[in-house]
Amino acid sequence: MSIRVTVFGENVHEQKSRIVASIYPEGMHQTIADALNTDPGISAGTVTLQQPEHGLTAETLAQTDVLFWWGHAAHGEVEDAVVERVCDAVWSGMGMVFLHSAHFSKPFKRLMGAPCNLTWREAGERERLWLTSPNHPIAAGLPNHFELENEEMYGEPFGVPEPLETVFISWFAGGEVFRSGLTYKRGAGNVFYFRPGHETYPTYHDANVQTVLRNAAHWAYNPAARLADPNAAPNVPVTEALEPIKERGPRLHQDGEAGYR
Amino acid sequence: MSIRVTVFGENVHEQKSRIVASIYPEGMHQTIADALNTDPGISAGTVTLQQPEHGLTAETLAQTDVLFWWGHAAHGEVEDAVVERVCDAVWSGMGMVFLHSAHFSKPFKRLMGAPCNLTWREAGERERLWLTSPNHPIAAGLPNHFELENEEMYGEPFGVPEPLETVFISWFAGGEVFRSGLTYKRGAGNVFYFRPGHETYPTYHDANVQTVLRNAAHWAYNPAARLADPNAAPNVPVTEALEPIKERGPRLHQDGEAGYR
Amino acid sequence: MSIRVTVFGENVHEQKSRIVASIYPEGMHQTIADALNTDPGISAGTVTLQQPEHGLTAETLAQTDVLFWWGHAAHGEVEDAVVERVCDAVWSGMGMVFLHSAHFSKPFKRLMGAPCNLTWREAGERERLWLTSPNHPIAAGLPNHFELENEEMYGEPFGVPEPLETVFISWFAGGEVFRSGLTYKRGAGNVFYFRPGHETYPTYHDANVQTVLRNAAHWAYNPAARLADPNAAPNVPVTEALEPIKERGPRLHQDGEAGYR
Amino acid sequence: MSIRVTVFGENVHEQKSRIVASIYPEGMHQTIADALNTDPGISAGTVTLQQPEHGLTAETLAQTDVLFWWGHAAHGEVEDAVVERVCDAVWSGMGMVFLHSAHFSKPFKRLMGAPCNLTWREAGERERLWLTSPNHPIAAGLPNHFELENEEMYGEPFGVPEPLETVFISWFAGGEVFRSGLTYKRGAGNVFYFRPGHETYPTYHDANVQTVLRNAAHWAYNPAARLADPNAAPNVPVTEALEPIKERGPRLHQDGEAGYR
């Protein structure tokens, strides 16, 4: 059975900017999904900001193995309730891949617990991505570096927690560097951040970038059943303790009572 | 100059529960602050939930090197604006120590980006904390294990991100284990979680626990000046690039324009 | 195509100890291999210390996707040249799983760069392993805890580097805890340490333990081609620099010269 | 009391190369020690490869809080017994800072358990180091980037384990990037790797580099008493178990017996 991917696209600049529309006539999300669907092991669909609940209903998330997220101009328009739903899905085991300007998206900031800030410059300069983790599955089939002739610059310090692994680091012609591929785990969910993808450049048409997208879907996918309630904090009654103990001392809670939150 | 610590105490059970009041007649926060103040290198004061803005005004946070947090029954009453202010302070370099049931406090959940859940049992059972990182500064002066005869049990899985370092792991008489001392960095701020401290037991009167509190204040303290704006994402104009580059290709932003958020 | 596993067994106590021989009449390595071979996706064979080069010839390693290692009484008899060969294979991409007393094996100590020491007691006490990383692939199909009624105790502090992820932590009846499942990456190779498996107890006949073994083989396996030379440190001549630069200043080396080691 | 630093210098090229001798007339080790000694909280001395036991006797190591290591041309001449002694000292709590080409030194490779390889080019090109961990103590007093106009290039992939924290990443004019500041813990010892310092350039005369050296000494220093035996693996007799247990099942070892190694 193939990995079920949902690609969230903000779909704002594609409608407002002739440049973006000319590069991505069907929307960036569709180009990303098309790239993923060239892999017979992946089945990718799309949703956009403009749909009710941004297309990210509970039902859709339940049937999504890996969620890709691209947003930029309209982070603030994403509903908080949807953000919580997405985070709950990640914590219960859904994989998630954040692309480029999604570093400032609500769910990424929520999952990182950090500012997620950086420096930036929109000058169409050369970016070169270097692999820092040999044979990492997200880099399968790639050389140990590849270039994007025109990209937006993102510079360090990148305000994110130390990752599980740093997979890519970018070199920019203007003199900056950036940790461009970072892996995390949040709850039961695998999370990957991948830097490239400014909307005024044809980045998602690049063969190496498309390879990363497909690899990331495989890496983030976890075949285990989702956790029923990723926030559960169950009380274990004394009578059900794994080792025989006797209750001692004073207590606040009664048996089976829910804890405070 | 001494490290300026502020201890946030929820101060609810001390007022409602005779048991808690008898153990901590001046409040848990005061006992914690007193323990910290036995170290001449630390100067600790307290604030409580009931104060305006919970006592955590911008001015107070600006003069706090390390914030300790104990809460349990009233996590939901902490104002979201204060939570954001506290997180901003951490990201700009303030140290923070979360105690026991603060695993479910708003700022901890916000900084972790994860469910922070666990299993629990209130039976006054024996807890034994084992040191897992030899010579870690947070364990200075401690043996490689110590016991608390009566504590609440917290059990794995603990729903937090993989830490920078695991410093303590607890053994419980009823058969569970728990990662009881975990270090993190969020933005420029050092964060430590320390498990013991259920309000119906005299945990914060324990000499070893008090040693951990003092060590944690020293560990979390960073003498560097706070970042002016931990969320800043400055544009670097082409003309100020560190290496000479020419602007190429189309762009969305004008020079000096703020980016999207 | 199935994952090719080689199980290295020291095969000493099976020959010397009636107890061990009665539990593992065909050797511990064979029981481990048999457990792995119940998975149609795995094809496991065995080698032992007593074979020439311990059975770990260059050819065998080249055809091994994941190497399992069990040793205890005869760590010192493993030839240093074989240890280097095994480490080179890991660095070039072979997965490796270290079992129980292999914490003191030469290749584990070599890959960890740390003492790998611990406390221990051989009393047939109860061990309970708790999952600390929900939905981790190494725990697929397991409950969030399982027990081994008779095991040797290993206690913290465990002298290993902080892992990529802590997957299991053990509780022991005698009062200790231990990080029993730890993941690492060394070079291009995935490395897993799994604690249980003292030779006087039937641990490798346990269904949950066998599940971990099979999962670990899948987790450690990397389908990418091995690195040709995991220790290569190639010179990049100025004329082949990716960006045009001119040689400046004095230098020690001539073009194409090998660096110092 | 000040931090006692010992700087190990290979002292080979200073004797053989006019260029190196002209930049470092008293040896690189002396320049490094002089830079450290400008800090009244540090007291630094030097040892060289040519001394008996390379100057790294048991007595010297016992009185060294932090050991700095620079070597390049003669890694192979460092005695294995001294390497083991140095590693034991680190594991027992001594801090250690590896500089530049020490990535291929015996003690660094031993502590990393990995190939520690990289790509390189000696062209006197521009290196720019970016801070990736805001307010990290090793970067105290530094801007968020600084430049070295002439340096040797080191390029990714750098064959080291994932660090505790990545502190610096370098940009090179020729198009490469490199993780130039990495922190580790091995046993009880703090370890820092810092990239710059090719012998044909005046890197250790640079003010920013000297600041990093001083900060690194403070960061790596641990005031805790050294572990008496960092490799100890003590048996805990049943009679001394912290919880009452009875010995069960067969066993290999007798009470008080040393374990296998």
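Going by the order they are written in, the chains are A, B, C and D; count residues from 1 in each one.
Throughout what follows, contacts are C-beta pairs under 8 Å (C-beta built on N, C-alpha and C of every residue); 3 or more make two chains touch, one makes a residue touch a chain.
In UniProt terms, the chains line up like this: A, B, C, D = Trehalose utilization protein ThuA.
It should be emphasised that the depicted structure is a prediction, and the values quoted were computed from it without experimental measurement.
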item	value
Selected pair, greater C-beta contact count between A-D and C-D	C-D
Copies chain A and chain B - rotation angle from C-alpha fit, nearest 5 degrees	180
Chain whose mean Cα position lies farthest from chain D	A
Chain centre separation (chain C, chain D; CA means) in Å	27
Intercentroid distance (Cα basis), chain D paired with chain B, Å	31
Chain centre separation (chain A, chain D; CA means) in Å	36
Contacts with two or more other chains, residues of chain C listed in rising order	128, 133-134, 155, 159, 162, 164-165, 173, 175-176, 185, 187, 230, 242-243
Of chain C, residues touching chain D in the complex	13, 17, 19, 72-76, 87, 91, 101, 104, 110-115, 117-125, 150, 153, 155, 159, 161-162, 164, 173-176, 184-187, 199-201, 230-238, 241-243, 245-253, 259-261
Chain A-facing residues of chain D, complex	128, 130-134, 144, 155-159, 162, 164-166, 169-172, 175-177, 179
Of chain D, residues touching chain B in the complex	93, 128, 133-135, 137, 140, 145, 147, 164-165, 173, 185, 187-188, 222-224, 227, 230, 242-243
